[in-house]
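Scrolling down, you'll hit the structures one after another.
Each of the two complexes below includes chain A, the first together with chain B, the second together with chain C.
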Partner chain A sequence: MKSLERQKRIFIAVSLAVPMILLVGFIMVPAFDLFRMSLTDWDGYSESWNWIWLENYISMMKNENLWLSLKNNAVYFFGHLLFIPIELLFAVLLTSKLRAAKFYKTMVFMPYIINGVAISYAFSYFFSPINGAFDAILGMFHLEALIQNWLSDPKLVNFVLTAVSLWRFSGYHVILFMAALQSLPQDVQEAAQVDGADTWQLFRYIQIPSIMLMVDFVLFDNIRGALQVFDIPYVMTSGGPGYASSTFTLYTIDTAFKYSNFGLASTMAVAIMAMIVIIYLVQNKIIHGLVLRRDRA
Partner chain B sequence: MRKKVLALGLCAAMAASSLAGCSSSDSGSGNAGNEAAGGAALAGTEAPAAGGAGSQEAGNTAANEDLEGSLVFTIWDNNLMDYIDSNDMAGKFQEKYPNAEIEVEKIKDDTEYWNAMKMRTSANQLPDVMFNKPFTLSRFKDYLLDLSDLEAAKNNELAAGYAIDGKVLGVPMTAGYEYVYYWKDMFEEAGVEVPTTWEEFKTAAQTLQDYFGKDTPDFMAVALGAKDEWPDYPYMEFMPALQGGNGQNWNDMAKQDAPFAEGTDIRSAYDKVNELFTMDVFGKDPLGMGNDQVTALFAQKKAAILALGDWGLQNIQNGTDDYSQLGTFYLPVRDSASDPFRVIVQGDSFMGVTTHSKNPELAKAFVEWFYSEDWYPGYINYVSSASSMRTVPKEKDPILAEADAQQPDMEMVMYDGGGDDFQAIQNEIAFDYKKLGAQMFTDGFDLDSEMTALNEKWAAARQKLGIQ
Partner chain C sequence: MKRSTVTQALKQLVCIGMVLVVLAPIVLTLFAAFKTKADMVNTSPLLLPPMERITMENFQKVLGDKYLLVGFKNTGIILVVSIFFNVIFGTITAFILERFEFRMKKVILALFFLGMLIPSFVTEIARFKIINGLGLYNTLGAPIVIYVASDLMQLYIYRQFISTIPRSLDESALLDGCSYFGLFGRIILPLLAPATATVIIIKAITIINDMYIPYLYMPKNKLRTLTTFLMNFANAQQGSWQKLAAGIIVIMLPTIVIYVFFQKYILAGVAAGAVKE
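Up next is the complex of A and B:
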C-alpha cells in the first residue's frame, strides 16, 4: 500500500514537473529574455550589445508607421469579432440533424488546414487586376461597375485581406463551437424543450451560456490572431501600398530582420503581449460585466 | 482574478515567444563549436590551387586525402540547386577529396536566407560556406575569412573590387548585369526605336501604351510587379548610381547630412523615376500585381518592356514557346546622347568561408574546387548569368548580347551595396527605397515632402550614430 502511495506521488510529481520544466524553458525564459532584449540595442547577430533601457519604448511610441499598422490590425479584429455570431449560428446549424452535415463540416474546416502561404498566394491571383477570377465573376453577373483595385486601394485593401482571413479561420471557430455544443448534455436541452423553449430560446438561454468557456477562448483567439496576423498581408501585399496594409507583426518582423533592430522589435513584441492582455480584459469586462449581467437580470 | 491575469500573461507570453526564440545567448557562451575549429588533422595542410594542371593535381593527391571532415554549404538559388542535384556535386567533390563530405542546404529565397544567417550568426552556427550579396558583405564581414590567397579570388574579375579592408571575403559566382527586355515586333509595330536617353525611354513607353492600350485596356507598356515592391530595384536601387556614374553612391550619401536635396544624384534619379511611375504606362493597376504575374504577362506579350537582371531571361523564356522577337537594351538613364551611357555591373553571390567553420581549410579547398575547371564551367554555362572568372570566359546569350551591341561605348559602373555607415543609417530610419518606389504609384504621393522628411531623418540619424 505504501509502495502504491509512493508511486502515486512520484507519478503526480513527474506529471507536474515535466510540463512545468517545458513551460519555464520554452515560455517563461524566452519571455523574460524578450523583455531583456527590449532594453538593448542588439542588432540580431553581433556578439555585443548595449543597455539603452527605455529608449526603444520611446522610439516605438513615436513611430507613426507602427501605429498605422496597428490600426490595420483593428480591421481584422472587428471583422472577426462581428463574424463570431455567424460562426456560432453555423455551428448550431451543423450540430443539428442536417442533411450532408459531414460534407459541410469538412468544407467549413478545409481552409484552416490548407497552408496559409499557399492560400494567400492563391488569393493574390484571385484578386489580380488582370485575369483575376474575382473580377471575372463580377463580370459574369454584369457587375463590372463594382470592380476595384482590390489589393492596391489603401481604403479597401485591409477589408479584402480581412475577408481572406475570415475565409481561412472561420471554419476553425465553427469546429470549436461545434465541439462545445456536442458536449452539452441532451437532457437539459430536452427538458427546456418540454418546458416550451423554442429554438432561439434554447440557443440563447441554454446553449450559449453552456459554451461560454469556448466563446471566451474564441474571443481570446480573435485578439491574439488579429494582433499577430502576418502571412496573409505579407504574401498578398507585402504590407503595401506603403504601409497601408502592414500589420503590427509585419512591421515587427521587418524591424528585426530587414532593419536589423532586434532590440526595438522585442519592444514591439512586449507591446503585443501587453495589448493582448489589456484588450482581453476590457473585452471580458464588457461581455461578462455588461452583456451577460443584463441577461441574468 | 490574479490567477486569471497570470494565466493570461502566460498565454500572451506563449504567443509572443516565437520572436524571443531568436534571442542570443550571452556572448561568453556557445563558443564550443569554435573551439573545435581547425582540428589537428587539418593543421599545416594547404588548399590546392584551382584550375591547376593535371600534374599539379596528381601532386596534390596526398594533400587532398589529408583534408577530411564535413562541410555545410547553404544556398538560396533554385538554378544552382537544380544543377547541383542533377550533376552530383557532392560525388564530384569527393572524387578530388575522398575524405570530405558536403551537405547542401537550400533555403527558400534570399530574404529568408539573410534571416536565417543572422539568427545563426548569433548562435555561432553559420554554415561552413555561405553566399553574400554586395549589400550583406559588410554586415557579415566579421564572420568571413580572408580568401585573398585563393586562386579563385585571384582569377575572379570582381572579387578584389569588393574587398573590405584589403580582405577578399567572398568570391562572386556571377557578374550581374541589368537589362531591359522588350519585344522587337511590338516596338516595330508601334513605330518605336530602342531608346538611348531617359526622355526617349519615356516617349517610347507612352507611344507603346497609346498604341496597344487603345484596344487592350489591360496592356502595360512597362511591366512592373510593384505589389512585391522589390521589382522596382532597377529604378530605385541602381538609377542613383547610374545618374552620377558613382557605384559608391550609398557610401557617399552616408557622409552627407542632406543627400536627398535638389541636385544630388539620388534626388535627380528619383525625380526621373517619379515622373515615369506617374505616367500611366504601367497598366491599370501596377500595385495589384507581383513579379511572377507581370513576368508571365510580359512573356505572353501583354506588356512590351520589363526591366530585370540577367537571371530574368530564364523566367521569361519559361513563360513562352516563341521568344524569337525578344530583345534587350540597357536602361538609358542619361539626359542626352552626348552624356556617357552608363551600365551597372555587380558581383553576385559571393561565396565565402565563415569563421564558424570547423574545417576552414577544407572549406577553402571547396571554394577553390567550385571555381575550378572541374565544376565552374558547367555551372556557368547552365545559367544565363555572365561569368565572373577570367579563366572561364563565357559568351553571352545572344538575346543579352544585343544590349552590348546597342551600346558599344558604354561605361561600366561597379555597384557597391553600401557599407557599415550607410546600413546603420538605413536601419536607424527604416529607409526602404524599394517601398518608396512602390509608394510613388499611390494617390497623393508627394516626392518633395518625402525627400525633405528623409533629409531630416538622415541628418538626425547621422548625429545619433556619430557618423562623420
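Up next is the complex of A and C:
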C-alpha cells in the first residue's frame, strides 16, 4: 500500500512538472515582471534602467489619450451589453420549433471562427468610402443622405468598429445561451405549458432564471473582451484617426513596441489586469450574490 | 393552426435576416475577388460582374505568391506541435486535478485559475524578454511555446469530461496491477478521445486565426503564417481591393472548411469551456 502511495506521488510530480514550469515561466513570471517593470523607466532594449517608482502610474493617470482609449473600450462593452437580450432571443428562437434550425445555428456561429484579420480587411472594404458595399446598400434603399466616412470620421469610427465586433462575437454568446437553454429539463417547461404559460411567460419565468449563470459568464466575457479589443482596430484603423478608435490594449502595445516605453506600458498592463480581477471579484460577490438571492426568494 | 404558420414565417424572416447580415461581408468580398480593376468601379459592389468578365487573375496572384505556401507550412508545423503538447499536458493535468488529492493542490489549482484570468495580449510585454532570452525570437519555437503554455481552455473541457468517467474504473485498473502511468495512458487517455477531438479543432482554429503572436515574434519573411501572410499581402496591395479580396477569401477558407466539417465538436467544446463550476 505504501508503495502505491509513493507511486502516486511520483506520478503526480512527474506529470505536473512540465505544465507547471510552463505556467510559472510563461504566465506567472511575466505577470509579476509587469509589476516590477511598471516601477522602472526601462525602454525594452537597454542594459540599464532606473527605478522611478510611481512615476509611470502618475503619468498613466494623466494620459488623456489613454482615457480616450478606455472610453472607446466602454463603447464596445455597452454595445455587447445591449446585445445580450438580442442574443438571448436568438437562442430561444433557434432552440424553438424552427425549420432549418441547424443551418441557422451554423450561420450564427460562423463569424466567430473566421480569421479575425481577414474579416477586418473584409469590413474595411465593406465600409470603404470609394465603391464601398455599405454605401451601395444604403443607396439601394435611397438612403444616400446617410452616407458617411465610416472609418475616418472620429465621431463615428469607434461605433463602426464596435458593430464589427458585434458581428464577430455575438454568435458565440448565442451558442452559449442555447447550450444553457438545452440543458433545462424539458418536463418543467412542458408542465408550465400544460398549466397555460405562453411563450413569453415561459421565457420570463422559466428560461431566464435558469440561464442566469450563463448570463453571468457572458457578462464577464464581455468585460474581459471589451478591455482586450485589439485586432479589429489594429487592422482596420490602427486606432486612428488620431486616437479616435484606439483601445486600451492597442495603446498599451503601441507604448511598448512602437514607442519603446516598456515601463509605462507595463503600468498599463498592470492596470488592465487589476481591472479584470477587480471586476471578476465584484461580479462574483455582488451580482452573483444578488442573482442567487433573487432565485431563492 | 393559422397563428403558428404566421409565427413560423416570422421566425424564418428574422433568421434569414441574420443569415444575410452574417454572409454580406463575406459574399461581397468574394464578388470583389472576381472583378477586374475596371469592374471594381463599373459594377455595383453588391453584384458580380457579367459572366464573361469574371476574372481569376486575383486568385492567381494570391495562389502564385511564394509566401502563401510558406505560410501554410509554418502554420501547419505550429499547429501539429503545439496541439500535440496541448493535448498531452491538458489531459494529464486535468486528470490529476480532477482525481487526486495531494499537498499543494489548492495552490496549484489557484495558479491555473489565475493563469486563465491573466489577459494574454498585454502579458507579451514581459513575456517578450523571456522568449528573447531563450533564443526563441524569430523561430517557430516562440509561438509553439506560447500556445502550449498560455491558452488553458482545454483544462475546462477535459476536467468536465473526466468527471463523467466513473472512479471505479481507476480503482479496478490499479487493483489489477496497472501503474498510474498505465492507467492514464491506456485507459483514461483513450476514453478522452471525443474531448480531444473538440480540443484539437478549437485549438486549430484559434491558432490559425491568431495574428498577434506570429506578428510580434516572427517578423522574418520565411516565418510567415497564414495570417501574417495576409497582413503582408495587404500592405503590398495598398488600394487594390480586388486583389486583397482574393487574399482574404483564401485565408478565410481553411477555418471555414474545418468548421463546416467538424461543427459538432466545436459547438460542444465552446459550451463546455464556458460552463464553469
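The criterion applied here is as follows: the second predicted complex is superposed on the first by the 245 of 297 C-alpha atoms of A that agree within 3 Å, B and C clash if a C-alpha of one lies under 4 Å from a C-alpha of the other, contacts with A are read in each partner's own complex, and residues count from 1 in each chain.
What we mean here is this: contacts are C-beta pairs under 8 Å (C-beta built on N, C-alpha and C of every residue); 3 or more make two chains touch, one makes a residue touch a chain.
Just so we're clear, the structure is a prediction, and the values are computed from it rather than from any experiment.
With both structures placed on the common chain, the touch criterion links A:Leu151 to chain B but leaves chain C unconnected. Shared-chain residue A:Leu281: touches chain B; no touch with chain C. Residue contacts after overlaying the shared chain place A:Trp51 against neither chain B nor chain C.
When the shared chain is aligned, chain B comes close enough to touch A:Lys258, but chain C does not.
In the overlay built on the shared chain, the residue A:Ala136 is in contact with chain C alone; chain B does not reach it.
Of the two partner chains placed by the overlay, only chain B lies in contact with A:Pro241; chain C stays clear of it. Touch criterion met: A:Tyr172 reaches chain C, while chain B stays clear of it.
By the document's definition of touching, of the two partners only chain C reaches A:Ser15; chain B does not. When the two structures are aligned on the shared chain, A:Met110 is found in touch with chain C, with no touch to chain B. Put chain B and chain C next to each other and count what each touches on chain A; the higher total goes to C. Comparing the two interfaces of chain A, the one with chain B and the one with chain C have residues 23, 26-28, 30-31, 33-34, 37, 44, 125, 128, 224, 228, 252, 256-257, 262, 265-266, 269, 272-273, 276-277, 280 in common. Against chain B, in their complex, chain A makes its touches with residues 23, 26-28, 30-31, 33-34, 37, 42-48, 65, 124-125, 127-130, 149-152, 154, 220, 224, 228, 237-238, 240-242, 244, 252, 254-262, 265-266, 269-270, 272-274, 276-277, 280-281. Of all residues in chain A, those touching chain C in their complex are 4, 7-12, 15-16, 18-20, 22-31, 33-34, 37, 44, 90, 93-94, 96-100, 104-111, 113-119, 121-123, 125-126, 128, 131-133, 136-137, 140, 167, 171-172, 175-176, 178-179, 214, 217, 221, 224, 227-228, 230-231, 235, 249, 252-253, 256-257, 262, 265-266, 268-269, 272-273, 276-277, 280. Residue ranges of chain C in contact with chain A, taken from their complex: 8, 11-12, 14-15, 18-19, 21-26, 28-29, 32, 40-41, 44-46, 89, 92-93, 96, 100, 102, 108, 111-112, 114-115, 117-130, 145-146, 148-150, 174, 179-181, 184, 205, 208-209, 211-212, 216, 226-227, 230-231, 234, 241, 244-245, 247-248, 251-252, 255-256, 258-260, 263, 266-267, 270-271, 274-276. Residue ranges on chain B touching chain A, taken from their complex, read 5, 8-17, 19-24, 27, 111, 114-115, 117-119, 121-122, 139, 218, 226-229, 283-290, 293, 297, 302, 423, 426-427, 430, 432, 435, 438-439, 441-442.
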